[in-house]
């Protein structure tokens, strides 16, 4: 079976990660390149698989030759492969910058951690087993801690510690939820859980969902569970923040999508009301709060990393709202926006890195005049923020249009929701334009920092993508369309994994 | 003032905890009858996937979706007619006598791969965080400790090896075995004054062991078409040489865990200076 | 065809960008010529009503995004006139930018803006409209802020209010689309369907109208959004202010004419049970009042401002107020008058801003009391400004009068005494601030430092002369503009006014503008005959003045000190002092921004809590969510 | 022919205006127990001014004065004077009249402010502000009349008032008349609203820099203005006239009324003048308007 | 006879104790300890899920081969994994604590100030 080979996406990075200590004995810089090449392999392979599943429909990859629900399986569908591909791609671009960052003593460990983090994110999107997902979430959070503390500053350790405390709390909740699920349903396979979930006692089911939510929303950067965000982003290196936002956040939201729509939800069109708890409403409220808090907090910040961190948070909130609204259009919009956000935000974080080096500060007040010094970076920053704000013919525009459409069409109190979201969007627009304006202020900057060609390359690639999606979104639309159908088709998921219902 | 704040905080925390407690207890004590709840007191294993792990007949499990939604086992009678017998059954699906091992390494081997990775990455992170640690020299260990360390070291290692080699037969396995060996390393650090950190060695060992695990999985993928397939014959249940790659993987895991934990201990002891 | 024009615009923008920083003259001339070409093409498009071009972008879920361009009568009218005025402005900016520091990429943005300008007028569905609207907003934002701090603060006013409006419109658009009875993005059909819907669901229609009106009002700076022009127009580059004031502020009015006014007219036709005031829907009446308030408020603010560009900007606000009031009267005369006033205002206000730009080009001074006596030094500029203010004040021989006359016709024949009073008050007030600008800049004493000021170069005079000619021309024969307006008004479902080239027929009275113009000329000759009597006049220096027997120089009076211009209307200010604070709506906006900032700071404090604190948020949040979840 | 008619209109207005001014001076003097100049004094003044040398600072000054005079003369053509009317289509179009009249003010203002004397500029500033003051009540009252006559033509209004004194608007709409009369006081620049010229404060304000024929033109303009403004009120409220003499008589009555007030009043402080105009006459005008709307 | 409810209750109470500690302790080490308590509680909870009254360990030996008495082996496998993960997390947290202490010379989270703004 060809699809079984998809496990290489996880196995090869693991194999390489175990080999990396040997490489590091040869040369520490070598490990960076090995990581880069491995993720490159992952990206190309996942792209191939993506096209395969787009053509042939969802597949499963069986591990250990044990059929589900007994063994662990990977579920390869347009949705999961799309996100795996995007995660690998973003990671690849970020690693391009990491390759030329100045060498440190701990590069070998760092490159292993990055590799494992990306691997884990990909694995989370692919896996079809809830406990397996938990294990990979743990790998993800531990490697995230390493990523954050890589910067080797007090604030990095503080951020890392804060993150790991919250992640541990979250993983305890997650594990409790898994315990509750196994104790009642007797299975860990996602398809199987989905198949049986509505047999549960409703109150009990809602407890499971609450716990699961608390566990995964730490990664998804949603409000009450995201207190780690600003400090961790501040502590981490700017381009690595692209991983935090584009990989960790994306993965968290992916899991929310998958779990709430396909597994816990009733698939078509609505997350079910579980035990008198209207989870649609709960998620929407969380999303709106996150957006509001994120954007307004960002407004008052001066540090670019914090601004972008809060902005990431807010965007995640917006996407969460689309999960809560859960009609077909909103799911399309949410997926689209998640992809757009991954690209634009990564671009911004990567651009911020050389800028911080040139200016010597992450404080945006000191960024004045960068446009005179290096117009390319300034324009790239502008492109990234345009993508994020949703200026026409940049990628974010279409997804924001769709989000507004889908939320408005839900009617009722959604008008309030959309009002709040747009208010936050207004705030976001304001502070991004403030930064862009500062970049173009007439002022001289003295700096000897020269920007490496790889950074330009990374920026160029992302900028082109941002603009290309903006001008010609149709190529992405086909993928998103299939992904969304895959996401909402619960019975198809079950029958693909567990065999066809006779 | 500060105290008052602390008390308020504590009270508040207490309140929250109590509410969460009510929430949990409410969940646990949901009555039967209104849908599935937590299976308490003598759970019906036939409603869980693990029954097939125990019976080692996953391949023979009937088409899942053809069965009733709430059970994994159509015929409860089949549960009673188990023909597994220690030392006699040959070529069962998973040959290990230790059911837990068969799950950990075979049925859900992928989880274990991840688990090993977690350990790997956290020790890595530990090393990264502490790489500036200077080596600390303890007070000169007493004669008893020194002699004890020298004397006990091979025995502890031997015991550790025993534990992970027999992982598929008896309680224990790679993780406990590895930990025991690592404790031997700790003993050496405490007992020998001039103990040299051997981080390079542990690194290589760890690497090779990890490679073995992942490599075995890949061999399964390329020969039998599925990652981590037990491509070796599982032999007779209960023998030392049985259960195919399960035993091999546990040995690799044991070695890996031993190397990792030892290196972790050494890092804490001052990894920066070698 | 339309898409081709828009495509060429983009190509032209790219070419301009590619030409680089050096070739200023080439770039600006190229773009002006290009715009001329566009104007020519547009002229050729006249008459091809109903042509639609569709470009699919993508479809996802149940929505299909496509760009649809078509030619409507109103749209063509706006596109053509704005392009003509645009050409005028661009000729001006050739010289301006050659002589002054030019910001990077400004020309590129200008061309993009011109393109989006056309796209707004040619879009026939809401998505296209919105896209063009947004592009216009952000390009203009970047043109307004060419790199200095004040301009950013100023542009923020514009930008935030505009974005607020744009988002309101976005919600409105999708609300339209989400309403099952409408479910279309086409502008024309949405009007018809909304009108029908107003019978069964007046609330929904009301809210949709409110959302769109919010957007259009924000763009056109109607009360309560009136503060932005003063900030943005004043701080914008001098050659961009005419565009801002002449064209950009009209987009909102275009939106109103495109959507709101036809919608009200349709509603009046199909819905018998709508609440009416004086024969128009009560909503429309309220909106007309917004216009009237804008007119008066703009006038007052213009009177008390000392910055010449701010003054002109507030004047724009008040003129928009007239047009809005007039349009919401919904009668044929009202809509015609509003539309006509839009055109006239575009002409005279760009002429005024051009002359102010010329003054600033030579003097680099913006505060009026520091100028003075420039009339003799810059006669063409002075004449442009003089005729501009005469037109703006609505004094007969010029074009401003023609549209004001129609507006009064509409208001009086529709029996709106209080609205008429408000408009008249604003109009009389206009006289105050316009004269003040005239006096402070061009009359009075010439400060010594401007003794060597020369008239602007000829290329800069051309657009001003064009402005003068068009003001006089339209004033003499308003029919040339009113006829195409008639077509647009007819398309809205109204009977257009009877007009000939120089004759306008109203319900209460009629007017022959040619006769009025000739009367003025005749009267002037009559007066001139008296002037010829008696001795030749004797010229003396301006400082040689009646000072009750003292020589001004002796008690140390310089021309600068002797020029009475600062606090010119202090008495007016004194009269309004008790309510000045309340009139200043900016304070409310500022407080809003401040509060948003401190709100954000407070929120972000939450993330600085200690480690245990963040866990506390975690658990507290979880508990609250759980409890709320059970309750919901 | 038209040219002759034009000149005839112009001279009529000037002569009647100058006559009124002269009589007015005499009348005021009599009230104040002075002897006063002869009633043709105004003609003498004008003749004298035109014969003197005139100073000018620049061409704008000349141009402005000319424009001011032209504006007023032009406006008179739009006003029906008894049976006379210059245009038939626009026979007393009130909107044109009100706006055309401002040419006069604008020209005057431009001319004197070009002189650069602060006194004159202050005067202009006051004049313009005061204009806002009196136009509000005036316009409100006129709007009421336009509503009842359903036309904005003075000619139509006059014809509606024909047929006896009881049809006059002054009887039908007394509050409106009171408002307009108060506004007229300010329009004419008589006390208590003579804040514009205010000789003791700002040395005759706008006129301070004028001399010779400039002053003469300004004088003529003032005369024409008196004719125009009283004429408008006559047309609006006093039922117009069947022949021009009746018209002049009615104008004269109005003028005398205003002079009487002038002779016995002190001057308002400037801000108070505007405030007063925005309260009392405006209130009267509004009452009138409400009455018209409600009935 | 001990019921499994007893274990569940114990696990939950232990979990809550841990949680209370996390919420109230400002000391880094104490926070780590309380987090470990929580992990233990969760492990206990998981093991209890597989609990069978009078059951035996799920290991075939020469004497025991009655599969009906086996406790559920799957939760045990999960707990094994979870313990190792807990170990990893704890190790990492402890090393972070060491770094924090070296940086700020304190273990109290509230007193770790400075270097926030560059």
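Chains here go by letter, A, B, C, D and E, matching the order in which they are written, and residues are numbered from 1 within each.
What we mean here is this: contacts are C-beta pairs under 8 Å (C-beta built on N, C-alpha and C of every residue); 3 or more make two chains touch, one makes a residue touch a chain.
Quantities reported herein were computed from a predicted structural model and do not represent experimental measurements.
Under the touch definition stated at the top, chain B and chain E share these contacting partners: A, C.
Taking C-E and A-C together, the pair of chains sharing more C-beta contacts is A-C. For this pair, chain A with chain D, the centres built from the Cα atoms lie 78 Å apart.
A straight line joining the Cα centres of chain A and chain C is 44 Å long.
Centroids of chain B and chain C (each the mean of its C-alpha atoms) stand 73 Å apart. Centre-to-centre separation between chain A and chain E, using Cα means, comes to 28 Å. The set of chain D residues touching two or more other chains is empty.
Residues of chain A found to touch two or more other chains are 131, 135, 138, 142, 145-146, 149, 161, 165, 169, 182-183, 188, 210. The multi-chain contact residues of chain C, meaning those touching 2 or more other chains, are 611, 615-616, 619-620, 622, 626. Of all possible chain pairings, those that touch are A-B, A-C, A-E, B-C, B-E, C-D, C-E.
Across the complex, chain A meets chain E through its residues 131, 135, 138, 142, 145-146, 149, 153-155, 157-158, 160-161, 164-165, 168-169, 171-172, 175-176, 178-179, 182-183, 188, 234, 303, 361-363. Only residues 3-5, 8-9, 12-13, 15-16, 19-20, 23-24, 49-53, 57-62, 64-65, 67-68, 70, 72-74, 76-77, 80-81, 83-85, 87-89, 91-92, 94-96, 98-99 of chain E touch chain B when the two sit together in their complex.
Across the complex, chain D is touched by residues 372-373, 375-376, 382, 386, 390, 393-396, 401, 404-405, 408-409, 412, 415, 417, 420-421, 424-425, 428-429, 431-432, 435-436, 438-439, 442-445, 508-512, 515-516, 519-520, 522-524, 526-528, 530-531, 533-535, 537-543, 545-546, 548, 559, 562-565, 568-569, 571-572, 574-575 of chain C. Residue ranges of chain B in contact with chain C, taken from their complex: 9, 12-13, 16-17, 19-20, 23. Considering their complex, residues 19, 22-26, 28, 31, 109-110 of chain E touch chain C.
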